[in-house]
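Scrolling down, you'll hit the structures one after another.
You will see subunit A twice below: alongside subunit B first, and alongside subunit C after that.
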Partner chain A sequence: MKRSLTFVAAVAATAMASGIANANQEVMKLTQNPANWATWGGDYAGTRYSKLDQINNKNVGDLQVAWTFSTGVLRGHEGGPMVIGDTLFVHTPFPNKVFSINLADQSINWIYTPKQDPDVIPVMCCDTVNRGLAYADGKIFLQQADTNLVALDAKTGKKVWSVTNGDPKKGMTNTNAPLVVKDKIVTGISGGEFGVRGFAAAYNIKDGSLAWKCYSMGPDSDMCVDPMKTTAMGQPIGKDSSLKTWKGDQWKIGGGTTWGWFSYDPDLNLIYYGTGNPSTWNPVVRPGDNKWSMTIMARDADTGMAKWFYQMTPHDEWDYDGINEMILADIDVGGSKRKALVHFDRNGFGYTMDRVTGELLVAEKYDPAVNWATHVDMKTGRPQVVAKYSTDQNGEDVNTQNVCPAALGSKDQQPAAFSPRTGLFYVPTNHVCMDYEPFRVEYVAGQPYVGATLSMFPAGKVTGDGSTHLGNFIAWDAGTGKIVWSNAEPFSAWSGALATAGDVVLYGTLEGYLKAVDAKTGKELYKFKTPSGIIGNVNTWEYNGKQYIGVLSGVGGWAGIGMAAGLEGDTEGLGAVGAYRALSKYTQLGGVLTVFALPGK
Partner chain B sequence: MIHRFGCALAACLAAGSVMANDFPTQARVEYVLACMDRHGGQSYDTLYPCICAVDKIAASMTYEQYTHAETMSVMIRTPGERGGAFRDAPDARKEVRGLKGIQKDAEGSCFVGRASGGGAKK
Partner chain C sequence: MKTRAIWLALTIIGLGVLFGLAPARANGPKPYDGHVQCEANNCKIDLWLTRGFRAFSQCQVCHGLDANGSSFAPSLVDTLKEIDQSRFMEVVVNGYKGQMGVMPGWNENPNVMKHIDKLYAYLKARSDGVLPAGKLQRYDR
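Presenting the complex of A and B:
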């Protein structure tokens, strides 16, 4: 195994600079150096912005593939590579392998292959994805599908500790990337389609012991709230704020899972994330606002105590999970600089909040097709639901037609990017509508608890503009709530975006294209077809003075028509070791990390 | 309407001779390698028929049409909610069947898989 000299040096330097092993400061330092990509969002604010500008809007058209690495694992590849010093870490879908790759020669330092019970696969609602890793304190953190949160020695790949975060037999699984905050690692839980009650949990990075665990719903004591101090729309939430909004003890199987992304503001010491849909998808059987499902949450990083909540979709009737990323940016809103949180919800509204107080500043549709609500009432914060698109008012066994967006939302979990140079947010979106028919289901632990039949179609069928495209890639002004430019995409845009100081924005498409567009105009400057569809995030780093851009492709599904070849030979297309020759026949279906750079030395 | 077949498939095939023939080198090489792999591995017996087939396909449709249909064929097999939007999309299956038909015709008339030598290799 090769020693990662730069890696060791970088870590030693930060440890010395911080004086103590304060992982927060260490990660902060690492993220401030744009040569690294040390956390899912590039930084704690989740901006997915890089200060690197070697690749810019003048030369991005010259990009070439520098190297590739095949994971040898099928299924959808979400998230993206993490780079610290001279080492790249990349993860896979189930069984959640982790590779440590030496950037000097792309050789593999180590591979971690967890043994996970395949029984977990059927309880994962939406493909066996994983959204990536976290780093701190010489450890790589992996949130496995079977809910085990694992800390690996970053230098050797050896397991340091492991803690069980949930019970797959009750439908609990994990797909999210955890986030290191100070001396803790924060994670969530998946399983809203199985009646799981969502929570966020923080474990001590030293030994994996539980620091705090806060549920999305239930008694006040379970939710880490202070009825008088925790606010929503500027008012204290009051006693039993969740219990009052559920029938009986439905909150126990109420969903509100937390499978999205976590952001952190070190000045406010608050972490931010969203909660998912209430269970079941049939709204008729769960009257009330179903708090605090579908909610943006701001919590104290040390204790989990909630500072403020904002429920975007009270009493969800369409499965508009509220888990998409929270981007923390200081932007101009109505003429003054605000410490904002910007969130593109599945429900089709782009929200701009004051992240200090939870004040709602802007809530506008980021896809004009959105029709389930006319607008958000800025006084109450409530969406004004259109009766004919209300699956609850139409009732059980009635097919509510032409609701926009579809349950997948106007945007899925793939994170948007923010460029402080343009002040714009770059958002991959869905342009899909649906028919939705709720039906009654009984809850059985570990069994799907869905209760709705859906069919989906291009939004053009509803808007009547004759379009058939299924997605858009847009630039958004979060201060005014307006689309600045919009590029139609034939398929839903399901790749995390990247913005850079070179004024280029990059994202992937389901056809497999990595696309680079001009940050100001949206003009396409470059595209390259990777081996499979892209649902991963585009990340960037610098090594030996050269800027690289990397993205995972691999969409799941099964290619009926042969595309990229199962290349012969031990090394081609299979990473430097070629350990997966037996899989070569199917390699074209598996995940590939494609890394781009400008030509020349 | 840019991204779907702008013509019925038969008409597309008929119009193919005047079509763009715009498959990039990358796409042709990838197709040939995959085609050889499917039909017994790398040999001249698989190489020439597979080149013939991809050239015929490229003459029958634009690369954009090919890419769209090929992506659709993957997406409708994607498990869970994610694939739903594509399984439900109007004409998605027709589009995939259309591409498969073109591919089958092309490979058939190019003797793909007919030569005896190639199959034994792998």
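Presenting the complex of A and C:
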């Protein structure tokens, strides 16, 4: 149990008077030093960009494995390692272990193993994943599957406090990485397939007491909105903006869960996140826009009060959860510099918003296969739905065929990266379509509430181009809404990307490759086969003057659920498993952190 | 459990010998009889059995999208070769504390309970190799 000296130094240098109100400043300073990787996105803007350039597009081909670490846990490993000073923190899927690792000799400082009721496992929709940790004020924050949000002493791993964020008996679980903002820690809730009403909540990092909690839907008072001041498409949302868009009290089990990533703009003091699908997957029984499911939300970090909303998929009919990451970047749009928010939605549109006002600037398809809507009307912000792909118009017990994208989305939770050097966004995507048949189900608290059967297959079956690949890794110009380059991947690109000042972009693949490509051209410069499929995020840090790149492998999640669930049969039409059945030829389960560096000192 | 499976197997073989039929056919009426129509190897089902498949969507998270099991729940394709309908009903209604101890009872879930006979029939058809995994075509529409 060696005391971590550099860790203390790194923190002391930034924590200053250790004022908790300055936790924000502390984390900000940690993220400004590229030696650390102190939040899920590397910074509050969620850019997943590092200023480190020791590893660059000239030498990345020489990359080698520096060390590895087994988590001892099977199933899907999402998220990535967090590095502060000389300490690396890494988490696992259920039971959500946390390891503190001394970077000097890769020895384990401490292990935290929560005691969680395994009854929570059947209440998790799509594998028992967890997307990572947060740090501030000498504490590591873990959002456990059983909804307990836990603060651990970063030096000892001892629990400082724990607060219950939801009730698994009612279908609530957690998979998200929380985010520290000022003196609070912001988190969400999972359970969109269990009729959970989504919310974002902020707890005081000092003692875990609740600071604010704002629901995605329901009465105005529950949603932390001001009907006159909170806007959508530039207009006040008005009174009862959510209640009016639901039949009766369906909003009470309406979904709009918040299991994705949180970003923060300290100048505007706004946090940004998205809400998930409305419950159930059968759209016929829930007429209306189902606000504010499927919505980008901008909220005041101190009070939770909503500044603006933008609903991407009103009245969802395909399970296009709006929870993907919000990347905050100042970019050129139509000839002028904008404070933008860029979001690659499950529905296949890449959105560029003005993050100050919520103005819609760009909404274009980032996979040409997307067919459920022709375009987004820039005046109303509404997608123009194609009737033959409308599972609502086709109705219950009817199999709507060849909808693109599949419910997995053109991209799922795997976060993209932004390089200010190229001005481009690097996006891991799915190239998968589906058949979708909604049917009627009854709601019971804590029980699955889905109401559709799906099958998924390569998008090439619909586009007719003869392709069979299931993913692409693309570079995207968010100012114009155009793909700059696109690399086909045999399976969905389901790993969080990293962009660096060395003009390399890194991501993982479901077969288990870590790949490095040139940021400008997309040319593949390096690949290495890690022990299992990668659905984690690639992160980077510097220790003792050397740049390292780390990624969790451990296949699972929704894309790998067939694998995670032990499926290998050659069976058609099995939802995700049908499309991904060949994956078992390439990889097996098992969680390992692989760390890369250039050879030599 | 194991002894029971052996006895069941012996019974099936015994019946097969008795009636001079192939073992798989020897087990008398099937719960899915009248709900499956096959031409060559392509089988279609009716709405009744489709409801069994839909009820199965509640089980897929743990038992796998094709019912072949997962790292914490057994294959139902295999298990239904070993247990009879009354044991199946008992486990679905009350839950089961097996190796992982995570199977909940479904007695309060109408999406399962209203269709438990169809669920059993669907899984039995999967277990007997009559139906492939995944979504099936309907012959009644």
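General observations
The rule we apply is simple: the second predicted complex is superposed on the first by the 563 of 601 C-alpha atoms of A that agree within 3 Å, B and C clash if a C-alpha of one lies under 4 Å from a C-alpha of the other, contacts with A are read in each partner's own complex, and residues count from 1 in each chain.
Following the convention adopted for this analysis, a residue touches a chain if its C-beta (ideal position, glycine included) is under 8 Å from a C-beta of that chain, and two chains touch if they have at least 3 such contacts.
Note that the structure is a prediction, hence the values are computed from the model and not measured.
In the superposed pair of complexes, A:Val555 makes contact with subunit B only, with no contact to subunit C. Within the superposed three-chain model, A:Lys170 lies out of touch with both subunit B and subunit C [touch as defined at top].
By the touch criterion defined above, A:Glu437 reaches subunit C but does not reach subunit B.
Contact with neither subunit B nor subunit C is seen for A:Lys339 once the two complexes are overlaid on the shared chain.
Using the contact criterion defined above for the overlaid structures, shared-chain residue A:Ser492 touches subunit B, although it does not reach subunit C. Legend: residue contacts after superposition of the two complexes on their common chain; A:Ser455 is shown touching both subunit B and subunit C.
In the superposed model, A:Lys213 makes contact with neither subunit B nor subunit C. Within the superposed three-chain model, A:Lys520 lies out of touch with both subunit B and subunit C [touch as defined at top]. Note: residues 125-126, 454-455, 561-562, 564-568 of subunit A belong to the subunit B contact set and to the subunit C contact set alike, using the contact criterion stated above. Those residues of subunit C whose C-beta lies close enough to touch subunit A in the complex are 47, 53-54, 57-58, 61-66, 68-72, 100-104, 106, 108-111, 132-135. On subunit B, the positions that touch subunit A within their shared complex are 1-4, 26-27, 30-38, 41-42, 67-68, 70-71, 73-85, 88-90, 96, 99-100, 103.
Those residues of subunit A that touch subunit C in the shared complex are 74-75, 118-119, 121-122, 124-126, 397, 399, 435, 437, 439, 441-442, 444, 447-448, 450, 453-455, 561-562, 564-569, 571-578, 589. Those residues of subunit A lying in contact with subunit B across their complex are 76, 125-127, 406-408, 430, 432, 454-458, 461, 466-470, 490-492, 494, 510-512, 529, 532-533, 555-568, 585, 588.
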